[in-house]
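Order of writing sets the labels: A, B, C and D. Residues in every chain begin at 1.
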Amino acid sequence: MKVGIIGATGYGGVELYRILSNHPFVEECILYSSSEMDVPYIHSFPHLTELSDHTLRKIDVEEIKNNITVLFLATPPGVSRSLSPQFTESNVKIIDLSGDLRLKDRNEYEKWYKRPSAEEELLAKAVYGLSELNKQVIKEAQFLANPGCFPTATILGLAPIVEKGLVNEQSIIVDAKTGVSGAGRNASHATHYSEVNENVKIYKVHEHQHIPEIEQMLHNLNEKITYISFNTHLIPMTRGIMATIYASLTDSYTTEQLLDLYKDYYQHSPFVRIRKQNEFPATKEVYGSNFCDIGLKIDERTGRVTIVSVIDNLMKGAAGQAVQNFNIMNGFEETTGLYSAPIYP
Amino acid sequence: MKVGIIGATGYGGVELYRILSNHPFVEECILYSSSEMDVPYIHSFPHLTELSDHTLRKIDVEEIKNNITVLFLATPPGVSRSLSPQFTESNVKIIDLSGDLRLKDRNEYEKWYKRPSAEEELLAKAVYGLSELNKQVIKEAQFLANPGCFPTATILGLAPIVEKGLVNEQSIIVDAKTGVSGAGRNASHATHYSEVNENVKIYKVHEHQHIPEIEQMLHNLNEKITYISFNTHLIPMTRGIMATIYASLTDSYTTEQLLDLYKDYYQHSPFVRIRKQNEFPATKEVYGSNFCDIGLKIDERTGRVTIVSVIDNLMKGAAGQAVQNFNIMNGFEETTGLYSAPIYP
Amino acid sequence: MKVGIIGATGYGGVELYRILSNHPFVEECILYSSSEMDVPYIHSFPHLTELSDHTLRKIDVEEIKNNITVLFLATPPGVSRSLSPQFTESNVKIIDLSGDLRLKDRNEYEKWYKRPSAEEELLAKAVYGLSELNKQVIKEAQFLANPGCFPTATILGLAPIVEKGLVNEQSIIVDAKTGVSGAGRNASHATHYSEVNENVKIYKVHEHQHIPEIEQMLHNLNEKITYISFNTHLIPMTRGIMATIYASLTDSYTTEQLLDLYKDYYQHSPFVRIRKQNEFPATKEVYGSNFCDIGLKIDERTGRVTIVSVIDNLMKGAAGQAVQNFNIMNGFEETTGLYSAPIYP
Amino acid sequence: MKVGIIGATGYGGVELYRILSNHPFVEECILYSSSEMDVPYIHSFPHLTELSDHTLRKIDVEEIKNNITVLFLATPPGVSRSLSPQFTESNVKIIDLSGDLRLKDRNEYEKWYKRPSAEEELLAKAVYGLSELNKQVIKEAQFLANPGCFPTATILGLAPIVEKGLVNEQSIIVDAKTGVSGAGRNASHATHYSEVNENVKIYKVHEHQHIPEIEQMLHNLNEKITYISFNTHLIPMTRGIMATIYASLTDSYTTEQLLDLYKDYYQHSPFVRIRKQNEFPATKEVYGSNFCDIGLKIDERTGRVTIVSVIDNLMKGAAGQAVQNFNIMNGFEETTGLYSAPIYP
């Protein structure tokens, strides 16, 4: 099978390349870039010396239709919105890592992203690809909206108790922490080493564009949920997301009961690992892997549960989950080419 | 004035030394250690070469009584409890940076610290030294319990709205992040570089010994408050604490109104800086300084306020506030020897 | 094939486990530890949750002889010296990651390591396993001395010009930089995050135990070489070694000529990548991989060449090269289970 | 005394501001910027909230001549070359932190900087401000070329043995390591956190513009020296430079003899600290301070000495030394406003 990556010079793109170039069912991986063309890929990424002899190609829709089975879009907001519709009449399957196809409500998109939304028709075809929760519809999708990094960690952390209605629906607070690679490869003041190092910084307070994405999915799981509080912090590290989640329980449970519920809920999800009582995952424990690790504990004093959910933002939060969806869409074993241990330390 | 530091080989101790050795009213700073004796201080801290010719001394209560006006205890839990009472009958003023004298309720101490509490009599004499809130009683104190790092950031971030009763008293959630120096200088698996770097880790979930300290003070400000939710995370950086605080408002206010309230509340507090609307402090913006910077914003969607409070854990969270209290106790200008700009970047 | 790892709870051990548990010809990987026994491996390494159900076993020589084909020793100095001889009469092949079997001259070992050397007889059987240079003898080895991390980067960086006699034999200076994981997993002041972060530190000046190992091998390649200057620095990162090598050329060459020589010399070495002119490798460009990347440039002003050689210290500098040698010793393709792209960024 | 800073929004500029705003003889510090005008300084640097009410001003030569006694140029290359001559006929003293006035040979400047040199006349007036070595001429200077960061660490590390002729003049090799702040505040791929973190990178191999500056000064100290080998590496830290220096000794000395020579040579230099035998400085041990710490050791095996010299690149390597020169030029005590302890840890 031939696959293509548009946006191969970004961090999401190169992580896709790392996985797909070792994927047993991928015959060839063709790389496209709108910013650089006809230059060897290793100019952008010398760590791939002798591992890649690819040249970055210009995006050519007809060529893609003729050659490519699955096309990954690792592109900035706004690209997928105009590019994806050109493949409606083709057999090409699109896996879009940007946010363009995730929100069903066009007004929400325009409010949070502050740019024009994709067309209704395209959004209607797009399937939200949180692999663990939407596996059945993912199998049939032509247009796959790959989830955002924060939504992946947060929704997986909340799904079991939200779906079962065990938490007060207005009580959910998510305090997220992320490594810098989530901001992409473009140079900016915000990603300058001297500004990030030895620093913690909150950003986009109450305004992160992943908020409506999380709320949309939680609402699907439990229609009583209409909003959450969500903030995110920039941490001096390259990879990793931790979502620390606080919610009030509707009844009195034990930590053990909840852990059992989670283990049961994710029993067929090879990439979700529920930690044992009194053990909490650290971001480094999923570094370079596609796992989402979850720990939780009830605070009897307050009646709240603290849930800790961690992922590698470039893997389960982007390229890893995209390949997981690629596997599901093509009828491959979900873990194909993905089931490797985290790098530690 | 001659002052002494017990526990000079720890991070709190050496930060005290840095400040006190430049303090205009400190004539001499005598250093004590129970682990190392009769060795030059620069053996422990070569960065003080040519800046210190001190030798670490054995702790000798009588000598201290005769020579020292103010004694700083930068010691592990349990030391102050037995050492402080020996100075009751003397004129020596004690500034204790450990947690031993902070909690008025002995049961609470024993429950959270899992060790014997100080005697009732000593606790009755101890004044909780959150400089901004307790200035009047600090002036008269002989035994000063210097606040913990997390309580300092958290309480300063909450005091104005808690005291005015603007928040739902059961809604407070504090998600804290700290640099590694807060764990002290002893080597351990938890502070090993390879385990901390490129990692975020939650620890002591629901069990941090600073929880009762925060609750005690918030309860003093507003007796309706009896508990909070509090968690803390280890961040790959050396210095800095951020408390991200979430609370539901009892009524509808604007962010501007709250900022005005905060500015007013801290108008006589030179070390508290309230940021302007839509600006939030990062930990690096107080690095090496005694400032506590606060930013806040109301989320109209959820009716909650997000408050961000940052300090340098070794300065305003330990040695800096200790010297601020030293100034207040001795009738010096509060900012003496302390009012320097953060190091940036 | 069943293999064993002694010292599985260290960083070298867990990296071996990561590779071997995915190796196509390894049927089972049995883990031994002298410090922890009968406890699940994931107690030490929770990042392996659901990936390992191993229990750490007590070291039992007879059991190993009966069950294990290849035994990896990822042990502190002094262990292999006494353990290895017990397998002389067996069919077990030993791959020793410690320094015990590397030096042929027992006096040198005792001088630099300051501890008793292995017996002459054992040393005589041991083969120095720098895969690229000693492939023929590695094939036949029962006792394999896996090279040190600094020697690997340094010797690979120097071999072509040393063997061809292109450098002044007394002019070699190696300035090395290493991440902290090279110091092992034990907690110490030297690996404390707050001491390492935002810091560069030189250590073991002129006294590093890897010096005689480098000299022994360079001398084998060119008997005129009897010493080098070598120093190493601790860098605030977890993984990675860079050897910056300076040497005076015996004649006038161009950078291009030397690069051609290197490409030719390593044409059958899949893990050595020679960078093109004016390109130098950074440590991150081999992160998590078994590559050794080399760049070089002649300085016409001084007649010296600067050679930059980088590896991941836990991979090509330890576990990766050990598995490469394992492949060679067993007649497998050299790259089996090892040829994966670096993790970037 | 009123002073001005041009280029106040860079890292050198803000470090100058930190020192000068606490300098006892500086009445006012006026800030100029060519990129931002009429905006509050704290827009660029919120860590100065309540510490600065300055507004950035447009550069106005006449206004400066009328108001300012000493003008600091913390500007990119090329600015001082055209700006400085406008003050020739005034009483304004110029302290230029850029490289424009450092090299006496215009051809050298144009060769290494690849841009037009300052005029002969201006260069003739400029004094090279390595405070410890040129104190007498600094006192009389109107135009002061403040040294580069690498030259400061390197020359101070070499001066005693070079001036005394104790080293082979062709044997000097300098392997330097620097934190990222030396690259300035502008965002670029090279300073992107995700590219720098967990990485060591060599750059400008054999081509660093500080090479001729070092050679010029060493040649002044000992005319037999005409070149050195010099390379520099980017380290994942914000501040700090270490120069590891290798040189062959002309005769046999002991480490102790050399240390005595250094102590003697720098006996009147309050900011140079010679470490005792077997002790080497780490960069963190001068963090935030104006010290240059030096350790050294002879390697009897090779006849070479290893010298380690560390500075904080923004302090002794830029703003700190600029103020030290400011003190000398104005007849103040050399340490005024500068003699504070490093921040540790």
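What to note about this one:
Just so it is clear, contacts are C-beta pairs under 8 Å (C-beta built on N, C-alpha and C of every residue); 3 or more make two chains touch, one makes a residue touch a chain.
Worth saying up front: this structure is predicted, and the values here are computed from it rather than measured.
Taken together, chain C and chain D share the touching chains A, B. Between chain A and chain C the centroid-to-centroid distance comes to 36 Å (mean Cα coordinates, whole Å).
Mean C-alpha positions place chain A and chain B at a centre distance of 39 Å. Averaging C-alpha coordinates per chain places the centre of chain B 46 Å away from that of chain C. Multi-chain contact residues of chain C, defined as those touching 2 or more other chains: 11, 179, 181, 194, 197-198, 236-239, 284, 287, 345. If you draw each protein chain as a dot and join the dots that touch, every dot ends up joined to every other dot. Chain A makes touch with chain D in their complex at residues 11, 179-181, 185, 187-189, 191-194, 196-198, 236-238.
Those residues of chain D lying in contact with chain C across their complex are 170, 173, 175, 177, 179, 194-195, 197-203, 205-206, 227-229, 231, 233, 235-240, 242, 244, 246, 280, 282-284, 287, 297, 299, 301-302, 304, 306, 308, 310, 345. Only residues 11, 14, 18, 21-22, 45-51, 181, 197-198, 238-239, 273, 275, 279, 281, 284-288, 293, 340-345 of chain C touch chain A when the two sit together in their complex.
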